[in-house]
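One chain, subunit A, links the two complexes that follow: it is found with subunit B in the first and with subunit C in the second.
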Partner chain A sequence: MLRIITRYLRLYKAFLFQSLKEDMTYRSNFLTLVVMDIGLVSISVILFKVIYGHVNTIAGWTFHQSIILIGTVGIVREMAYLTFRRGFLELGNHIRTGTFDIFMVRPIASNLHLAMRHLSLSESLGEGITGIVLVVYGILHLNNWSWISFPLYILLLFNSLMVYYGFSLIINSIVFWVVRSQELNTIIYFFMETSRYPADIYRGIGKVIFTFIIPIGIIATVPASALTGRLGWDFAILSLIIGISFLGIGLFVWKMSIEHYSSASG
Partner chain B sequence: MKKYITLFHINWQNSLQYRFSLFVYIGGYSLYIGVLLYLWSAIYSEGQSVGNYTLSQLTTYYILQLMINSIIFSYVSWDVIDNIKTGNFSNFLTKPLDYYMYWFTINISGKMLESIFIIITAGIISFFVSDYISFPEHLSTKLYFLAAVILGIILAFELDFCIGMITFWLTQVRTFKYMLQTMILFFAGAMLPLDLFPPVLTKAAEFLPFRYLVYFPISIYLGKIENPLPSFGILIVWILIFFILSRVLMSRGIKRYEAVGA
Partner chain C sequence: MPISIHTKNLRKTYDYFKKEAGLTGSIKSLFWREKLYNEALKGISLEIEEGELVGFLGPNGAGKTTTLKILSGILYPSGGEASVLGHIPWKREPAYQKQFSIVMGQKNQLWWDLPAQESFTLNREIYEIEDKTYNYNLEELTELFDIKDLIDIPVRKLSMGQRMKCELAAALLHSPKVLFLDEPTIGLDIISQDKIINYIEEYNRLKKTTVLLTSHYMRDVERLCKRVIVINHGAIIYDGSVENLMTTYADHKIIRLRFSSEFTVNGLEKYGEVLERDRLSAVLKTSKSDIARTTSRILNDIPVEDLSVEDVDIEDVIKKIFTG
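Let's look at the complex of A and B:
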C-alpha cells in the first residue's frame, strides 16, 4: 500500500513539473487567467456585499462569515485544479477522438492518469490566492475564532475535495454512455458556483437533496462552519461519511462506465 | 431570403441532435436558480427584505431570468471565434451568404429547441413555487414584455457578434470574451436586479445597453416601469448603434483576415 502511494506521489511530481513547463510557455495567457479569476471572485464578493447592504444575516451568516464561504470555494477549486479538475474537462475530447485508449493501457489507474495528465496551475491560481486572502480577511473579523478549529478546517477541505471528486466522477461517467456531452461540466460548474451560499438556507426536502444527493451544502459550508464555530461533532462526522461515500460511489460508477467504453479511434 | 430559411431548417435539425446537452445545461442552470430561490426565501422568512421587492417579485424575477438566459442571450460567438481562428472563415468569402445574417439565423434556429425546453422547465419550477409567482394584470404589460424580449434577442445577438469579431484582432480571445460576458451578465441584471445595487452602480448600469437584456423586460413584467415607451426608444437606438458597429467591425476585420490554418 505504502509503495503504491509513494509511486503515485513520484508520478504526480513528474506530471506537475511537466504541466508547469507547459503553463510557462504561454506566460501572458497565464497572467490573463489569473487576472480573470480575481475579477470573477470580486464579482461574487460584490454580489454578497450588495445583498448584505439590505440584510444583516443570511440564514444566520454575517457578511464576514460569508466571505469565508467564498474563499473556501476558491481554495477547494484550486485544490481540484491541482489534482483532477482539468482532466474531466478534456475527457470528452479524449473519448470522441479515441485518445482515451492511452489511459486504458498504461499501468496506472485510468482515473488517476487522466487527472495527472492535465494538472493545471494557471487555470484557477487567481481563485486560489484570492480564496486564501478572503478566508484570512474573514477570520480577522471573527470574534470567536480559535486555533483549534484550524486543523479541522484543513481536514474538511480535503473532505470537500473528496465530495467534489466523487460527484465529478459520477457526472462525467455519463460521457461513456452518451458520447457527445462536454456540457456535463456545466452541471459541475453550477454545483461549485452554488456551493457559495450557506447550506443553512435549505429547508425541508431541499436540505436532504443538497446534503446527500447533490452535496452542494457540504463543499464550503461545512469547512467554513468549523472556522466560524457552528459545526457540531455529529455533523462533522456525518460530512466525513458523506465524503467517503461519494468517493466510493464515484469510483464504482467510473469503473462500471469504463467497461462501456468503445474506442473511437482505429 | 430563401437560403436563410433553408439554413434555419438545417440548423434546427442539427440542434435536435444535441437534445441531451440541452437537458444537461438546463438542469445545471435550474439548479442555480433553485438555490437562489432558497436563498431569498431564507432571507424573507427571517423577516428581512431586499430593497422594494416582495418575495414573490424576486421569485418571479429569477424564474424569468432563467428563461431569458436561454431565449435572449446569444452564445454563437464561441463558434464565430472557432470559425475565424481555424481559418474556416475563408469558405464564407466565396459563398453568397452574408456572414452577419448567417450567424443571426444560426442563433435563432439554435435557440428554438432550447427555448421550448426552458419554458417547460420554468413551468415545472413555477408549479412548485406557485404561491410566489406573480402575473401581470394588463394585456398591454404582456405585449410590452413580449416586444422587449424580441428586441432583446436582437441586441444580445449584436453584442455577441461584435465580441466574436474581436477574433480578427486578438487571437487569444476566449479569456477576454469570458470576462466581457461576465460583465454583461452583471450589468444586465442577470445576477441581481439592478435597482438593488449601490447608487453608483445603478447609475452606471443606466447608461449601459446591457440592462435591456434582462432587467428591462423583467421590470416591465413586474409592472415596475409605468411608461416603457421612452426606454423602448433608447433600446432601438442601441440596436442601431450595435448594428452599425457589427458591420464596421466585420468589414474591417475581413481586410485584416490572414486565413490562419487554411
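Let's look at the complex of A and C:
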C-alpha cells in the first residue's frame, strides 16, 4: 500500500512538471485565465455584499461566514484542477477520437492516468488564490474562531475533493456509452456553481437530496462550517462516510464502464 | 521457441445504432433506434513464437486493428481466448503492461507541445525503468533510430517521419518483450517508410522482440516479415510465408505510362492486360516474372514520357485469394 502511494506521488510530481512546462509555452493564456477567475469570484462577493445589505444572516450564515464559504469553493475547485478536473473535460475527446487507448495500455490505473495527464495549475489559479485570500479575510473577522478547527477544515477539504471526484467519475462514466461529454460536464459545472450557497438553505427533502444524492452540501458548506464553528461532530463523521462512499461508488462505476470502451479507429 | 502470443477462436462483435441520413433521421433516432451488430472478428486463432516478426495484412475494416487492440487490453473480446506472455490481456495487469508496447501510426502518444525527450523521462517513471537501463536504452535507441538531434525539438515541429521514429523510441525504452505496431508507416513518404521499416527490422534482429505489425502496404510486409497472416472480414484467410503468398497471389505488377504525344495506335495488349486507357496515358497489368523485359520493350516501341512500375494493390491480392 505504502509502495503504491509513493509510486503515485512520484508519478504525480513527474506529470505536474510536465504540465507546467506545457503551460509555460502558452504564457499569455495563463495570465488571461488568472485575471478572469479573479473577476468571476469578485462578482459573487459583490452579489453577497448586496444581499447582506438587506439581511444580517442567510440561513444562519453571517456575511463573513459566507465569504469563507465562497473562498472554500475556490480552494476546492483549484484542488480539483490540480488533480482530476481537466482530465474529465478532455475525456469526451479521448473517447471520440480513440486516444483513450493510451490510458488502457500503461501500467497505471486508467482513472489516475487520465487525471494526471491533464493537470492544470493555471486554469483556476485565480480562483485558488482569491479563495485563500477570502478565507483568511473571513477568519480575521470572525469572533469565535479557534485554531483547533483548522486541521478539521483541511481534512474536510480533502473529503470534499473525494466527493467531487466520486461524483465526476459517476457522471463521466456515462461517456463510455454516449461518447460526448460536453453536456455531462455542464451538469458537474452547475453542481459546483450551486455549492457557493450554504447548504442550510435547503430544507426537508431538498436537504436529503443535496446531501446524499447530489452532495452539493458536502463540498463547500461542510468545510466552511467546520472553520466557522458551525459543524457538529455527528455531521463531520457523516460527511466523511459520504465522501468515502462516493469515491468507492465512483471507482466501481468507472471500472465497469471502461469495459464498454470501443476504441475508435484512425 | 516458446509461444509468445496465442489466441483461440477470438471473437469481437461491435454493436451500434442505425441512423438514417439527414436531420429527420437524427431526430427520429432520438426516439427509436435499431441496434445493429458488426462482427469484426469471427474466430481468430493464431500462435506466434518468441522473437517472430509477423505481418498482419488486410484491407481496411478487416479486423487487424481490433485484434491488436484486444491483445493489448484496449478492448474486451466478445468470446474466445487469448494470452500474451502468459497473461490475459484484457485483465490489464501492470505486470503484463510493463512487458509490451503498442505504437499506432494515427495516434500520437508523445506530448505534442514538448520535446520528445520529456515524454521519454515521463515514460521512465511510468514504466519504473532503472536509471542504468534507461540511460543505456536511450543511448542505444537514439543511436539506432538516428534521432539525437530531434529529441530536443517540440514534437509538433517534427515531420511525420521524424515523429514516428520518436514514437518508436518512446515505446521501446522499457525493453518490451512484445511490440504491436498498427500501421506504423501510414502517411509517410517512401523514404521515411523505408527507414522505419529498416529500424524495426534491425531492432527485432538485435533484441529478439516479438513484433506483430499491421499494414496495408504490401512492400512493408514483403520486406520485413517472413511470416504473414492475411485477414479479411474478421477471419484468417492465409497464414504462412511471404514468398508463398507473393508467388501464389501477387504475381502481377502495374505499369503506368504517360505518352509524350497523343498515342492512338492499338496493340498495347501485347504488353499486358490494359486496365485503363486514354489518349495520353495507360495503365497495364503485367506478369511479375518478366517485368524487366516488358518495360524495355515498351520503351523501345512506344514514345513514352514517363513510366512507373507499381505493386498490385493488397486489396487486389486479397480479392484474388478469395476468388481463388
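Everything that follows uses one rule, which is that the second predicted complex is superposed on the first by the 264 of 266 C-alpha atoms of A that agree within 3 Å, B and C clash if a C-alpha of one lies under 4 Å from a C-alpha of the other, contacts with A are read in each partner's own complex, and residues count from 1 in each chain.
Just so it is clear, a contact is a pair of C-beta atoms (placed from the backbone, for glycine too) under 8 Å apart; a residue touches a chain by one contact, two chains touch by 3 or more.
The structure displayed is predicted, hence computed values, not measured ones.
Q: Determine, under the contact definition given at the top, whether A:Arg10 touches first (subunit B), second (subunit C), both, or neither.
A: second
Q: Kindly classify A:Glu259 by the partners it touches after superposition: subunit B alone (first), subunit C alone (second), both, or neither?
A: second
Q: Classify the contacts of A:Thr25 with the two partner chains as first (subunit B alone), second (subunit C alone), both, or neither.
A: Only subunit C; A:Thr25 stays clear of subunit B.
Q: Quick one: is A:Met104 in contact with subunit B, with subunit C, with both, or with neither? Answer first, second, both or neither.
A: second
Q: In this superposition, which partner touches a larger number of subunit A residues, subunit B or subunit C?
A: Of subunit B and subunit C, B contacts more residues of subunit A.
Q: Of the two partner chains, subunit B (first) and subunit C (second), which one does A:Asn56 touch, if any: first, second, both, or neither?
A: In the superposition, A:Asn56 contacts subunit B only.
Q: So, does A:Ile216 touch the first partner subunit B, the second partner subunit C, both, or neither?
A: In the superposed model, A:Ile216 contacts subunit B only, not subunit C.
Q: One more residue to check, A:Met1. First (subunit B), second (subunit C), both or neither?
A: After superposition on chain A, A:Met1 lies in contact with neither partner.
Q: Touch check for A:Asp200: first (subunit B), second (subunit C), both, or neither?
A: First partner only, subunit B.
Q: Let me check the overlay on chain A: which residues of subunit A are in contact with subunit B and also with subunit C?
A: In the superposed arrangement, which is not itself an observed complex, subunit A uses no residue for both subunit B and subunit C.
Q: Hey, which residues of subunit C end up touching subunit A in the complex?
A: Interface residues on subunit C, with respect to subunit A: 14, 65, 69, 72-76, 92, 94, 97-98, 100-102, 104, 106-109, 111, 113-114, 118, 121-122, 125-128, 154.
Q: Quick check: in the complex, which residue numbers of subunit A touch subunit B?
A: 28-29, 32-33, 36, 39-40, 43, 47, 50-51, 53-59, 178, 180-184, 186-187, 189-191, 193-194, 197, 200-203, 206, 210, 214, 216
Q: Using the touch definition from the top, list the residues of subunit B that touch subunit A in their complex.
A: Touching subunit A from subunit B are residues 17-18, 20-21, 24-25, 27-29, 31-32, 34-35, 38-39, 41-43, 46, 48-51, 172, 175-176, 178-179, 182, 186, 191-192, 196-198.
Q: Once bound in the complex, which stretches of subunit A touch subunit C?
A: 7, 10-11, 14-15, 18, 21-22, 25, 98-99, 101-102, 104-108, 259, 261-263, 265-266
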